[in-house]
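Pasting the structures here.
You will see chain A twice below: alongside chain B first, and alongside chain C after that.
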Partner chain A sequence: MIGHWVVLVQIAFRNLFSSFINLVIGVIIAVGTMLVVVGGAMLDSLDTAMSRSITGSLAGHIQVYSAASKDELAIYGGMTDDPSLAAVDDFPKVKRLLLGVPHVKTVVPMGINGALLMSGNTVDLTLAKLRGAVKARDAATASGAPAADLAEQVDSQKAHIRQIVKVLVEDAAKASVLADSHAVDDEAKQALATVSTEPFWEGFDRDPYSALELLENKIAPLVSDADMLYVRYVGTDLDAYQRAFDRMQVVDGQPVPAGRRGFLFPKFQYEEQLKLKTARRLDRIKEGLTESGKTIAGDSELQRFVRENQAQTREIVLQLDGLKTRTALARLNAALHSNETDLPTLLTRLFTTDDQNFMDRYRIFYEQLAPLLELYRVRIGDMLTVKAFTRSGYVQSVNVKVYGTFEFKGLEKSPLSGVTGLMDLMSFRDLYGYLSADKRDELRVLQAASGAKAVARENAEAELFGGGGPVVAEAKEGSIDEKAQLSGLKKAKKSEDLVARIYTPGEIEDGVVLNAAVVLDDPKALPQAIKAISELSAKEHLGLKVESWQQASGLLGEFVLAAKGILYFAVTIIFVVAVVVINNAMMMATLQRTQTLGTMRAIGAQRSFIVSMVLLETLVLGLLFGSAGAAAGAAVMAKLHATGIGAWSDAVYFFFSGPRIYPSLGAGNVVAAFLIILVVSVVSTLYPALIAMRVSPVTAMQAEE
Partner chain B sequence: MRSTFLLTALVAGPLFLAAPAEAALSPDELKKLIETIDERQRSTGDYKALCYIEQKEKDKNDIVRELVVYRRDADQKLMFLFTKPKSEEGKGYLRIDKNLWSYDPNVGKWERATERERIGGTNSRRSDFDESRLAIEYDASYEGEEKLGAFTVHRLVLSAKAGIDVAYPVVKLWVDTSTGNILKRQELALSGRLMRTAYYPKWNKLFSDSKKSDIWFPAEIRIYDEVEKSNSTLVLMKSVDLHSLEANLFTKAWLEAKSR
Partner chain C sequence: MGSIVSIDNVVKEYHLGKVIVPALRGVSLEVHEGEFISIAGPSGSGKTTLLNLIGCVDTATSGKVEVAGRDTATLTERQRTSLRLDTIGFIFQSFNLVAVLSVFQNVEFPLLLQGRLKAADRKAQVMSLLDQVGLSSHAKHRPSELSGGQRQRVAVARALVTEPKLVLADEPTANLDSATGQNIIDLMKALNQRRGTTFIFSTHDAKVMSHANAIWQLADGKILGKSGPVAGAPIPAEARP
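Now for the complex of A and B:
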């Protein structure tokens, strides 16, 4: 029997280079193996990179949340609104028990919510600052504290408002010239005339609040409203989070100090939505020119940015007070070698850019003009007012300090992950508005006292008007004392006290938590850990739903799955093509050898011998050329690992989890490639082997010489 | 001849009964009706009302609030001060000219709101608590007379006048023919989509010394959301006080002081 196989192996090696077709097949196998080695290694590297981006940024390896939740968890957001989740019962207990599960390294409490950023137009914001400065000055004066600095602040804000009024008066005059009757009505013109006079400003400090109300109600509405900004955020124990998630990195500012309330903006959103639009457009043009190889002359989008910057100078003009306006004129005239006295005209000239002058104008903007401007609607260190509809239906607002911006390594340019901010858990709970038992009781008492009776929509008309009784009644005048209505218990929470307060880990963890990220010490232990946590939840009646990061990641998780699906599909196509090509080549090789095979059959070779011979020949081919292909693939991977591959678009940036990927080759990739290529070779040879087996000696002898 | 008359009376009689003659209002009568609705609710002096709002939503906790509404119709000034529950105390709205401001003492900030602002997160609007300005804000047309339960009502359609900012551009009214009170009101978006249906089953009147006549106010408004069909809102005017208000009441400083 062994002799039989020795003969077959000898034949296989002897025939290796006997036919040109064998060489062709060998090359196909070699190229195929190389592709499988490189493709498999790339696929693994991409998968590892994407998975690490997600598990290391927000999701952790496993997410747990209440099984009583109405919706599925979607950490990075789903197709619709953020899901409605029930609170996890007793998070400290859940955390304690989960930390006892093998491979569980950390458990981080979380909650996801969305809110609107309170904001007004530039005039509203400046007037709010002026009102705040006046109040602070008056309070200091009343308490006998030094108020000189505060008085200076009031004067500075007043000067800014006067400059804004001047700009609006000029606008109104232009509108009159253009006969634009809708631009400013007579009442507004009269108000503008009033606030433009010296007596108005001389008398401002005698009755600042009346003056402010006139400015707020008559002047500020002349400027269009600012965009509302929606912010999605994850409320979490920021200290535990920053320790557990290594992909998060602070870009501007600093991390939120341990135990403090605070907010970190996602860098992507901070740049895209909070930056002065003109500055952002300049950045986009620069990116287009330097990173994407575009030109202003040849790209319609860059041309649009230039046009918008030329036309939309008002936001900049309104930001500058009188002194800054004069400084801006002087600086820009010097840089542009002009002698212009009208700032909007000068700004339009600055923003009239082409491929030749752009970089120079960009530099002038950032060096000369930007220091005079508020480049962002919210600055690092500002107190941010966040307003959310709570789960109990009430609108709740909190002030939270912005400590900085952050990004997730590898997801910097992903709009899905780049719009989720990070907030401390205490502020999150205030905005989430969980209805405690006390609050619920208070509402019940109010409802009972009202005597209100529910009337169903379907019966409303019959129930309310069916009887035909009198609709009108005489009322007795009441005496309403709002002081008696107000409980007097509640005083406005001082936001500065809350900002300064340091919360203990116990306070942070003991409260509403909607979901928790479980980080493992070994990602490969994911299936066992999910099983163990599910069993623990059932045993301890924790009522938890346990999901892998991919399930819990919502759209982003689905995107990764789809991306992997596409990559696997591409590899499958390559194999199908290889099977067809090898199959055809083997068919040709077999048909060429009909006479030889017939002769062998005639001198006593069994059919099984013929089949074994053909298959073994392919196996030897596969081993030899496969090795060569694997070696070539390994060499390619070594080169790619050393040099890396740069991302050429934002989508590729996501796949690469960064600007450059350095793929690596594992032993598993080589072994898998070998196995796959051998199986493919054998499968492709089965049909030709069957043909060879059926060759009869008579047919072979009848064939022409 | 007599039998023919009887036959005619038998056949045609029910038809006449089924379709009573449409007592179409003339344009002058229509204008007068709308002006009367406004005039009845107008207060020449100051006005203060203690209100209760309750909103029911499917699968959610009820929203319950109490607030004091302050009006000085002569200056078109309006202010709300929320008094209950405790978490809402001190919050409020202030309307000056065309500006509607909302205030939250928790953050000490004022924010601009629009006519479409959902008062305190409920389906009530500023106009549900303010004086009636139908004649100023809308052009009315008459649609006919019909039955609403046991009441005979005029059905009117009102369209917002150009350049006037209102919460809803089209409003349908069902007005009691005998007392001239609005019993039902439907509000539509510009697209024609029905947004809210409100019923006014109880009207109260109170004699005002400054007006030298009664001031009318809806003691109960039941609002049914036509977009989120399971949501409904109840507004009760529990008490009205016509004493003069402080001169500086309609200011930001006054509302801020309430929570200090």
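Now for the complex of A and C:
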């Protein structure tokens, strides 16, 4: 029997090289196989990398949320905004039950929301400092304490304001060249004129508060560098989060202490949006030079950064008061060996960089100038006022302390994972518009103190406008006594105490949770775990929707799926073409060989022999060229595995789960490729084989014409 | 000597569209083991049809064909194929060697289909036959590298390699010049005498048929008569082309 197969394979091999069309078929098969191997392996590697990115940063392996939610969960945001989710009922119970499911390691409560951060502009901040300095000086003077230092501080802040005014006057002059005279606000022009006169500043100390009021009301609005910053954040049990997602690391500052309210900025956003723009541009030029091997001379983006730094010195000038301006001038003149008296000109000279002097200038900036500046608009340790629209549509604001910044290892540069901050669950709940136990108590006290009562809708008109109902309170003219107004509210608790308060794990968990990340001890157990949790939810009436990280991450998670779809579409087309071409070629070959086939049948070959001969021929062709294609694919993958593929843009970081991806070839892709070849060979040859099988042995007896 | 082929009143008709073309119209004959028989007749007389029926590659429309004692009409396609493989050797007018196989492999092919012998035994058998047809030195050649006569010798070797009881040859010399044709007939005759294999061959060449020890004359699908055993015997007038 072995000899029988040997001759079949030999016939197959020899027929293989007998016609040119086989070479064409072979090349199609080889290319198709290579595509399957390389494409499949690449996508699998991407899938793995993305799964690391997604499961390791926000999603965990599984997400659960209320089945009553209006929208689907989308961890990284939906098409327009964050989806509207219903709260999970009784999270502590859910957590307790989920932890009993095999392979479940942790369950982290979450809620995703977005908020606007408002920061005052440079003038506001400087004026606030000036007002503080004036107050301190006056207080010291009143109490007879030495006030010389404080007076100097006032003068320094005054000089700072005067410098800002100078910049604004220059701006206005430039603007008047460009703009129509009607477009200039006369009131603003007049105010600027007033505050840039000597008499105004000479008279400042006689009535500092009136002068400050003019500056605050008329001048500050002229500076438009105040920013609203959109922050997306996950409200979570920060301790549990830090334990569950071990790729997360705190970069600046410290983790939020256990049980405290607090906020952690994503490092990426902190650098990109909160850092002084000039400094950020310097960082990016340095990155381009040292990490990406670019040159200023050869890269238009770096050239743009240089130009912008040269032109946009205003941001720095506005930050420096008189004292600091002098210091800055002295330091920079020394470093640049110049003798310049105008700071903007000197700054422009500092930022006039090329490939030779850049590293030197970079060092000068950070060593000499940066210590005089606020490099970040929000500093670690600052109290942040976060304003957000609650579910019911009104604006709620909460003060949280910024404890630091964090990043995910390997995803440092990914905008996708770098724009979601971390917030404690308590603050999240306040902002989301759900009443925490604290707030409920506070409202009860308020209600009792104010005598407010619930009024049914049908009685509202009578209660409000008519009838002889008792009047709750008479409005009286009089000054507002803050202390008295807030006394019933436990004022202390409302502000500073909330920040300092330490919540117990029970308090953190017992409240509104929108979704929860389930982290498994074995990622391979994902399908079983999803099944087990779904069953548990149904049995215990938890009302949970259970989704894998792919589903939970919305469009992002489907990316690999979509890419796979495209790949397999292309592969299908290639192999359909292969099927048609092979079918055609084999038909031709069969028809040309009827006499040989007939002879074989006459001599005593059974039909099954003929069928296996024809099938084997295509199979040998497929396997031979398929192996060549697979080998080429494996070689490509080996090369890619060794060198890796660098992320060509920040966005790609997330998909690569790091700066480079080292894709590897799994046996599955090769097996898949060979299975496809097998199917293609058999399908394409079935009909020719059938024809060959039916060749009558009588054909052998017919003389060749 | 027993009868190896027994044909009784066989009719064979072909259907060409709606037209029925009779190829054999009631043929009866008997061939005994060890005979060297020629079927003679002009083109279209039904020689090839008759050989097809004897060779079990085709079935009769009516009548009875028995080969090696088996009624071919009662056999399945598979059984007929096995019967061909084990009992009958074929030599074709245009040699019909498998172009992609070597001389050795062509001769070995039927043995491989049988799958009974081990490689060493197969080799001995094939080489012995190639030796007998004078081509042992050409074992590794491809058919395309051989002359017509050499190819037909290979075909003879292939037909005999399974040691069949019966060898059918359809116009084995038609594509050869007369000297080479003579050689092939001599070879067949020698093998017939040496091994006792029954040969039935069709021809319309008088010189070739003169080697037969019996000649069945065929015309218009009918047997006109049997002559011989003679060497150089006069051919009946009605059988002349």
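In the analysis below, the second predicted complex is superposed on the first by the 365 of 705 C-alpha atoms of A that agree within 3 Å, B and C clash if a C-alpha of one lies under 4 Å from a C-alpha of the other, contacts with A are read in each partner's own complex, and residues count from 1 in each chain.
Heads up, the rule we're going with is that a residue touches a chain if its C-beta (ideal position, glycine included) is under 8 Å from a C-beta of that chain, and two chains touch if they have at least 3 such contacts.
None of the values given here were measured: they were computed from a predicted structure.
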Contacts of A:308 with chain B and chain C, given as first, second, both or neither: neither
Partner chain in contact with A:7 - chain B first, chain C second, else both or neither: second
First, second, both or neither for A:596, with chain B first and chain C second: second
Of chain B and chain C, the chain that contacts the larger number of chain A residues: B
First, second, both or neither for A:398, with chain B first and chain C second: first
Partner chain(s) touched by A:522 [first = chain B, second = chain C, both, neither]: neither
Which superposed partner A:149 touches (first chain B, second chain C, both, neither): neither
Touching partner for A:696 - first (chain B), second (chain C), both, neither: second
Touching both chain C and chain B, counted on chain A across the two superposed complexes: none
Residue numbers on chain A that touch chain B, as the complex places them: 70, 118, 120, 124, 128, 131, 209, 213, 216-218, 221, 225, 385, 387, 389, 391-399, 435, 439-440, 442-443, 446-447, 450, 452, 454-455, 457, 460-462, 464-468, 471-480, 482, 485-487, 489-493, 495
Chain A residues within the chain C interface of the complex: 1, 3-4, 6-7, 10-11, 14-15, 18, 595-596, 599-607, 609, 696-698, 700-701, 703-704
Complex contacts: residues of chain C adjacent to chain A: 48, 51-52, 55, 57-58, 77-78, 81-82, 84-86, 90, 92-94, 96, 98-101, 105, 108-115, 119, 122, 158, 170-171, 174
Residues of chain B defined as touching chain A within the complex: 48-50, 52, 54-57, 59-64, 66, 68, 81, 83-90, 96-99, 104-112, 120-122, 148-151, 176, 179, 181, 183-184, 199-206, 216-217, 219, 222, 224, 229, 232, 234, 236, 238-243, 251-253, 258-260
